[in-house]
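Mind having a look at this structure? Questions to follow.
Order as written gives the chain letters A, B, C and D; numbering starts at 1 within each chain.
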Amino acid sequence: MLPEDPIEHAVTIRSVRRLNSLTAVLVLDAPLIAAAATPGQFVNVTCDQFLRRPIGIMAVQRREGLIELGIRAVGAGTRNLLQKKPGDPLSVLGPLGHGFQLDGLRRVITVGGGSGVFPLFFVQQVCRERGIDALAVCGYRSKNESILRDEYAGLGCQTLFAADAGDLDVAGQAADALAQLLRQLPPVPGTAILTCGPRPMMQAVAELARRNQLPCQVSLEERMACGIGVCLVCACQVKADGKTGYQRCCVDGPVFDAEVVAW
Amino acid sequence: MLPEDPIEHAVTIRSVRRLNSLTAVLVLDAPLIAAAATPGQFVNVTCDQFLRRPIGIMAVQRREGLIELGIRAVGAGTRNLLQKKPGDPLSVLGPLGHGFQLDGLRRVITVGGGSGVFPLFFVQQVCRERGIDALAVCGYRSKNESILRDEYAGLGCQTLFAADAGDLDVAGQAADALAQLLRQLPPVPGTAILTCGPRPMMQAVAELARRNQLPCQVSLEERMACGIGVCLVCACQVKADGKTGYQRCCVDGPVFDAEVVAW
Amino acid sequence: MVKTALQIGSLSLKNPVLAASGTFGFGREMARFQDLSRLGGICSKGLTLHPRAGNPPPRVAETSCGMLNSVGLQNPGLDAFLRDELPFMRQLGCAVIVNVAGHSTDEYCEMCRRLDQTAIDAIELNLSCPNVREGCMLIGSEARQIESLIRQVKLETKKPVWAKLTPNVTSIADMALAAQRGGADAIVLINTLLGMAIDHRTRRPVLGNNTGGLSGPAIKPVALRMVAEVSRLVDLPLIGVGGIMNGQDALEFLVAGASAVEVGTASLIRPAACQDILAEMQALARVDGVDDLAEYRGTLQLWGG
Amino acid sequence: MVKTALQIGSLSLKNPVLAASGTFGFGREMARFQDLSRLGGICSKGLTLHPRAGNPPPRVAETSCGMLNSVGLQNPGLDAFLRDELPFMRQLGCAVIVNVAGHSTDEYCEMCRRLDQTAIDAIELNLSCPNVREGCMLIGSEARQIESLIRQVKLETKKPVWAKLTPNVTSIADMALAAQRGGADAIVLINTLLGMAIDHRTRRPVLGNNTGGLSGPAIKPVALRMVAEVSRLVDLPLIGVGGIMNGQDALEFLVAGASAVEVGTASLIRPAACQDILAEMQALARVDGVDDLAEYRGTLQLWGG
């Protein structure tokens, strides 16, 4: 049996776009990933630490063969990535995982918080390409810490930005903004909520979706090693056949139907 | 009790002078080391491996506050050092150790082989400053692999280059060249032989010195960790009071009188 | 070409590079990364008689030059393995070694009995998993239990039985000698070291199971020492594992006395690690003027010995 | 200012950062790098009754995130220490802990008897050096020997006696409980893991002594686990050591249950490591809103416990 298309890529950083002191967008020359990736998928990248780090794909520029990764400083690995410079090499495994399911959807509401606003940007990008009506809710601590607002707006989707500090569209959290949006929004069949961000936020979003009888897809985060399904360290609790069991976040997810997640 | 002058220096690489595919000279901005160093002393430098690496000081430019380190690729640490670029930071401990003793000498013959030609260059530099008559014997595999020949010649000292391959002044090893030199050289009181290089070479040189009744100083190499005398891993066998015992290469040496070395 | 074939007792292997248990699944996901028929063999994820859900997450913590895992033998159970995985593994064209973990001697025996009639090449007795409460490492920490377990298991199967030992013992030599007395066909050294990672802000262990098994290059010196120590006392073939990241590491294990090696954590970082390591071993052998990897085996010359 | 003072039994320390034995000499060379009066204390290089030359070089091998050493207790002997080094150490203004290694119970007792009348602050019994043939690790690998040795030593001295244990055992808890039964005043965890490095080309161990002790960040997960394990079973103050490179590492050991820490290998790479680590601990405590480092001690909350 011969190996399929390799998914381990030695890539070069094309450019680094600093967003603020804690976040940046790395643009990588990775044509095979750019060609194959779908929203919600991720890559597993080297970062001068022992293990790779899973990072969602934030956008692709298919024609140029580029992918964009939004990075937020958390610990040593992400900090190392934020130090990278154009021309630096990275080893990237991807695209990995089971992304968001857009087929058959007519309207998509993305709800992101923290580094979740990065991968959801790719959802918006594809909705635009496919002509799916799309709205974006993003939650931040404050206007000052907010990121990607212009980029989201630039896609032409309707946006609603929430800030705990009260200095953006909605005072409060992403879920509060979503609640407000859902109250105003005329119902359209084929609407779904896609969310990515801190777990409590996603749980609140899923709860709102349930109450509004909207399907909801959530992108779970678990600590990973291989990212390809062999080591079983990324277990997340999911309900199947009425029973709760562990599934692999990296290959069975990271995106799951909110209904099966055992919060 | 308060600490003395610190000897841990955060320095920057000023320039890198490639000599051939396996060797280069790193020039570091390190004014305190440049001011204090004497020939035969070394520094213990970080190299992106777990431990530091001991490297002899090859030259100092006191006015500019620069030191030069000659590096020869052996394993991962020296290879990493050879990859460094101007502007890169290094942490350098030094100057360390007990160098060559030049006081009272009227003529110095340095005999170097392998990476030993680097630290001995500093001896020649100082002899020139102090007006000590100096001769340099350097041994190489072949002309092709020879290094620093122009630099040694540029100091104005009398040079004799040996190559196993027979394509330099003397066909054979550094010790052969030294033997030839000693046969021709009129004896001058206050002559000493200073040697650094592979152990068998130094042993042969020490033997020649003994037979010619010339004092000889050798620079020993041992694997090190701290470089400052606290860990005792750099033990080398030395005779003292008629008994052989271990001394610390890093602080009791690296330069020892050839007579006390237990070969 | 540098020769690579070897024997582990009665079992012939194409080459000495095996995928270590728990880091290669059942091979399925890895087929994208390398031609698995070129490996010496694959050790399955640790199997138990009944399916196991494994431990609560998080199950991984990064450490300096290593990682802790606390998977806790999540696996579909022996039946599902035989039905769903073995046929796939069988047609890969490399040796199939089944890693077996039990709560009790009875369970180990039952599993070996059932594996005896299957198309597997060897049984690797996991006497060393640090992430489960019963069996495994508890058995593997007592010479008498090791000996008696292996003796009983050997009555149940004609398959080669490899004993995979834990390094978390005072004397690895005693454990290996016990395995030899019990009738093991080979000894696998080492499983993970028991460790912990702590988050000083939350005051919590990073791992949901509190402790986990340390693997990766951090543990290579311990593994090499154990292989060298056991190699001088025991007559069985040894399989070395622990921190092998490249061909040079692998050759060091052969020199220490191993006939073959298993590559674990390296595969999690570079999925094609096994294949690369084999290629690097051959390249280094050429540099050393060695034309059969087996020539390295057990050539370690101790100082002052 | 974050408070740092603490007690180890009857001994008061300014702060919880001690220099580990064998990595700080007798403090002399380190005085250039930091104000030693600011350290919690210094553990002397391991001393024996008579001078020891130590093991043949090479005595160090670099490993991934760690190093092996095989110094083998090179030291000037107790008399020379008392004459030439102790007066110097005494005036440094930090606690002086003497690391004592013996061939036999008698030797340990004799040394402790002679140290009893000196101006040292505590005795650290080295029951764990992996680089010598007799005593030390052999004694430290058997609970009964640990207990009886400490009991006898305690008859010879009123100085606090700390038992420094080896991680190369099946159950560190058993060893620690034995030390407690014997009457130890504190337990120091851990000494080095026994390891080996091999040069595959020369087919020789890198170390002249063949094996050596593994230290550095590679072993931190093992050390943390042992501190956490012992802390739940033993009532004595614990001193944590193994791979501490920065303030965060040190706090993890306090959380795991240590009252103080020792810094070893880090000092070999950054001579001012001890002082830096203390400053980092205080800075982190400020971030955490903690105003006394002692508040971290033993706060580890296990999962599911």
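Keep this in mind: a residue touches a chain if its C-beta (ideal position, glycine included) is under 8 Å from a C-beta of that chain, and two chains touch if they have at least 3 such contacts.
Predicted model only: the values in this text are computed from it and were never measured.
Grouping of the remaining chains in the absence of chain C, by touch: A | B, D. Centre-to-centre, using mean CA coordinates, chain B is 47 Å away from chain C. Averaged C-alpha coordinates put the centre of chain C at 33 Å from the centre of chain D.
In whole angstrom, the spacing between the mean C-alpha positions of chain B and chain D is 36. Of all residues in chain A, none touches 2 or more other chains.
Of all residues in chain C, those touching 2 or more other chains are 56, 61, 63-66, 216, listed in ascending order. Because contacts link the chains only in sequence, without closing, their graph is best described as a line. Across the whole structure, chains are in contact as follows: A-C, B-D, C-D. In the complex of the two chains, the chain D residues touching chain C come out as 56, 61, 63-66, 68, 141, 168-170, 193-198, 200-201, 203-205, 207-211, 214, 216-222, 224-225, 228, 243, 248, 251-252, 254-256, 284, 288, 296, 299-305. Every residue of chain A that touches chain C in the complex is listed here, in rising order: 1-8, 49-52, 91, 93, 222-226, 228-237, 245-246, 251.
Note for the complex: chain D touches chain B at residues 22-25, 28-37, 45, 53-54, 56-67, 69, 71, 74, 91-93, 216, 265, 267-272.
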